[in-house]
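Reviewing the structure listed below.
Chains: A, B, C and D, in written order; residue numbering restarts at 1 for each.
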Amino acid sequence: MKARYNPMELMITIAARNLEDGAMVVVGTGVPCAAAMLAQMTHAPNLTILFEAGGVAPILPTMPISVGDSRTTHKALKATSMAEIMELCQAGIVDYCFLGGAQIDKYGNLNSTIIGNDYYKPITRFPGSGGANDLASLCWKTLVVTPQNQKRFANKVDFITTPGYLQGGNSRYDAGLPANTGPFKVITDIGVYGYHTETKEMMLLSLHPGKTMTDVQENTEFEILIPDQFETTLEPTEEELKTLREKVDPTQVIIGRS
Amino acid sequence: MKARYNPMELMITIAARNLEDGAMVVVGTGVPCAAAMLAQMTHAPNLTILFEAGGVAPILPTMPISVGDSRTTHKALKATSMAEIMELCQAGIVDYCFLGGAQIDKYGNLNSTIIGNDYYKPITRFPGSGGANDLASLCWKTLVVTPQNQKRFANKVDFITTPGYLQGGNSRYDAGLPANTGPFKVITDIGVYGYHTETKEMMLLSLHPGKTMTDVQENTEFEILIPDQFETTLEPTEEELKTLREKVDPTQVIIGRS
Amino acid sequence: MNEKELHKGLGKLFGAPNTDDMRLFFKGKNKAMKNKLTSVSEAVSSLVMDGDYLAIGGFGGVRIPTAIIHEILRQKKKNLGFAGHVSTHDCQLLSAGKCFNRCDAAYIVGLEARGLSKNARRIFESGDIEITEWSNAALAWRFKAAAMGIPFLPARVMLGTDTFKYSAAIEMECPFTQQKLTALPALYPDVAIIHVHKADVFGNCQINGILVADDDISKASRKVIITTETIISNEEIRREPEKTVIPYWYVDAVIEVPYGSYPGNMPGEYFSDETHLKKWLLAEKDQETFEKFIEHQIYSSADFYEYLEKNGGMNNMKELVRLEHLY
Amino acid sequence: MNEKELHKGLGKLFGAPNTDDMRLFFKGKNKAMKNKLTSVSEAVSSLVMDGDYLAIGGFGGVRIPTAIIHEILRQKKKNLGFAGHVSTHDCQLLSAGKCFNRCDAAYIVGLEARGLSKNARRIFESGDIEITEWSNAALAWRFKAAAMGIPFLPARVMLGTDTFKYSAAIEMECPFTQQKLTALPALYPDVAIIHVHKADVFGNCQINGILVADDDISKASRKVIITTETIISNEEIRREPEKTVIPYWYVDAVIEVPYGSYPGNMPGEYFSDETHLKKWLLAEKDQETFEKFIEHQIYSSADFYEYLEKNGGMNNMKELVRLEHLY
């Protein structure tokens, strides 16, 4: 029997549900943008979408290919500079950002700079922070959407490009980062994770239908906290799938990746 | 015999001559603006005029009444913010500014804040710094055009609103103000003054035709340095007067004040 | 730091540059794009509280929110603070209403080339007003720091002067160059009142000509009241996204007030009414005359339109439009 | 400061944030408004020197000065430094030419959603390049500090991370709130190369759509080279002074280069050539293929127009114009 939806469609739908009406979100290309568009077309028509390169609240006619391309200012409310977008975030205006990375640890720290033990002689060089460090430092809540596997969910990231809860506890705040900010949820192809209120360790919130605790454990190098009670992820509704497939991504650029 | 020009016309002409072609100057309303316009229409067609409120290089159709009014952006090259103009000055782009004040001392410090010995109970309250402190701190050379008298040329200003050479010598630089900036010339109805290279005390550069050393001394509370040699101020040429009267200030708003 | 003595201004800081508190405030602000059209009296009564600290847009006699200031007088708002960065006719108005008890002063009591306000001077010389000194750039950068979400901005102004001494700035050393700098604390007003050329009902605003500090003021302030010459559609805003100076989420109230900058200049629309401004300076010379003058001009006017009518109405407005377009 | 340990990045600062030196430089720059029209080859040979530090306008694949970068490759400029703030196709090009030996890296070696450049990665993994880490905002604010004439800007990014550790930032304490902040040193590039929509012959420039950091970059840099889709008259510039992003006095050279952002997107004019960018990524998979590819595309092209011709000429440009105006 063919599944009613694929993992990508599930992740985008969950991400979209996390964006409430009246919120502001900085998105990148791909999944985050699809999630924000889906949210706007379903429960959050008043979601304001920002792009770090300067696009403010465009009416997106199609998925942008760059966070700075002309789609990001299509019928936008404002076209401005990267500095101004980042200053918005620094001032506390922006609720959400979406990030990814080559590695994530149990405190939600992200690596998108290098793989290897020696910074000066990396095995692999990645792009670096881009705006990720800024957005994760300055927006109120960081959402991560990523496929889950042992390599990616690492015991220790090779390089903290982008701050999660750093070393856990109050270390993020002690480092000087704005109060009450930090990783919010991690949405994978296996489940949805949050963070423990005090220790700031990653913690299971819901398992996707058909997924098991073994899937969680086998695809994570560190130990994920398992609370006594957790949910089963609500599946995408017919309306969500229809909107996603017909309006958000009709050419399957993103949802076709699954 | 009627004089060929009045003191205001003389002061504006001298001020204009101090603005070389290719320079940038921040001006206020009145005399400074008239001087900059006269310079543009005579020897300095490439003089760039800025207004602190945001007007950049307008083609001035008439004298503005406010440094922010719409004349200051008439056919301007740019209309921007006060912060951007001040940042230009801070970056070292701007050569000259023109200032005045209720009092000036021998180091060129200016007072436009209060008269009286107690800041909290002033005899007279004036507007305060406005942009004067900023421009005198940040532009390369400060020009002061002012009528000269004992009260105004004070031994000690009641309040240093705007920095000249502060306490003389290197004190201006030691205070943290940008290197090689400071008061350049003072143009009065009696003479033109500069500053001693080392002590930074005010020093006579030229006496206006018909004025005497007694005029200088009787109208100054402090002692003005008198070098062995000084010039007699060159009188306005016919061309300068014609341009000033017919093009710069045809309604005699400024030159009529004399 | 050896020989470098670091100074601290004696002046009072009227609000702490507490970025984390302000972040929380901005987080709580409703950011849905909803219709914010209201009236001048409603905006002032619901958004300007006694004791609030005001930031006034424009440049004293250029693009000023006159209707809002008049209403502040009529509603007898008291104990306000305000940022006096080239505060000319606005300072004169607030002084006429005895509305404030504190001021960050960069330029007050004067009307540029037009002269000084006798009444404003009297109030500032009375000793009843708490004054902290700044320069124009210092106030502009204090707004900018707040707009940027940082607690201070370094600058190279005010150093060595009494303006610094009576400010609330702090001297600091650059961590890279060890040079002395002035640290300017972020300034977060309670209410910004700004007059613009065009706005949509959500508060997306366009401004022609100079911005002065209004881009930063709108970002720095807890509440923002916009008066606008014209209401335009959201579609028109979206047609030229480069022109949006103030985006909707900062804005709490939008009121269409044609000729709203009168007697000030509105760049590209109408010139300042210099005759009317001279009347103000003249009336201030005698206390009794002045009280009658403001009673007639402001307190006895039901609204801004009655004030306009008392000052020549459309005939005079047309003349000011003509003057603006002379060149 | 007690418990607050203040950190300092280990990375190299490729230029000192020396405001007084830069003030002297800007003082010496000729500010007369003169005709600066020149050619791409002349601009590069006279203004880009071996060892110079570059700032490249636009956003990697959006509004990029492709013609100037190609010419930098053709003239075999070496030992350049550059600011990698979303440096995508520009980073790929400079890597293809082996033009640089140092980089302030915020975003390098990638092409956003399109993938990663194998050749650029090889160079950055070689150990031959000095790299200092930053975030996008950090680089944007470093340009802004320089543009503002201050040696540093405080910010709340990079704290607590390895990005900070391998940067050249310094942790500092706020003089008002005592909170920890990142001090970001002013960044003064030797040369800025920026592609704009419209410029006059003096260098007054208009940009449609996002600015990215180009307002600040033009102010921060010692020399500025502008390529423009169209030359317009000075009268047209003066008709809308609000639209002037870069004023003439910063600019050293102006060259009219229609389709100058190709294969990048030019907002409102033409879309990016995704097919061509895919060819780059594909060619990079094999070293020999890649060398032939860049020889054909760049080194053997006399100028930018020959490059455009090799990639479909006007037919392709028309298609990209059509794609841009689909919505």
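As a working rule, a contact is a pair of C-beta atoms (placed from the backbone, for glycine too) under 8 Å apart; a residue touches a chain by one contact, two chains touch by 3 or more.
Remember, it's a predicted structure, so these values are computed and weren't measured experimentally.
Q: Stepping chain to touching chain, what's the minimum from chain A to chain B?
A: 2
Q: Per the definition at the top, count C-beta pairs in contact and tell me whether A-C or A-D has more.
A: Output for the comparison: A-D.
Q: Rounded to the nearest whole Å, what is the centre-to-centre distance of chain B and chain D, using the mean of the C-alpha atoms as each centre?
A: Roughly 40 Å, centre to centre.
Q: Between chain A and chain D, what is the separation of their C-alpha centroids in Å?
A: 28
Q: Using Cα averages as centroids, what's the distance between chain C and chain D in whole Å?
A: The answer is 37 Å.
Q: Provide the list of chain A residues touching at least two other chains, using ranges where the numbers run on.
A: 73, 79, 90, 138, 178
Q: Could you list the positions in chain D whose residues touch two or more of the other chains?
A: Those would be 19-20, 149-150, 155-156, 179, 181, 208-209, 241-242.
Q: Touching pairs of chains, which are they?
A: Pairwise, the chains that meet the contact rule are A-C, A-D, B-C, B-D, C-D.
Q: Can you list the chain B residues touching chain D in their complex?
A: 21-24, 46, 48, 56-57, 59, 73, 75-79, 87-93, 95, 138, 140, 178-180
Q: Help me check something: in the complex, which residues belonging to chain A touch chain D?
A: 29-30, 52-55, 61-62, 65-74, 79-83, 86, 90, 109, 113, 119-134, 137-138, 159-163, 166, 171-172, 175-178
Q: Considering the complex alone, what residue numbers of chain C touch chain A?
A: The contact residues of chain C facing chain A are 19-20, 22-27, 30-34, 146-150, 204, 219, 237-239, 241-242, 244, 247-249.
Q: Which residues, counting only chain D, touch chain C once they are in their complex?
A: My answer: residues 13, 16-20, 149-156, 170, 172, 174-177, 179, 181, 183, 185, 207-209, 241-243.
Q: Going by the contact rule set out above, which residues of chain C touch chain B in the complex?
A: That would be residues 58-62, 84-86, 88, 105-110, 112-114, 116, 121, 124-125, 127, 133-138, 140-141, 144, 155-163, 166, 171, 179-182, 208-216, 265-268, 271-272, 274, 324, 326-327 of chain C.
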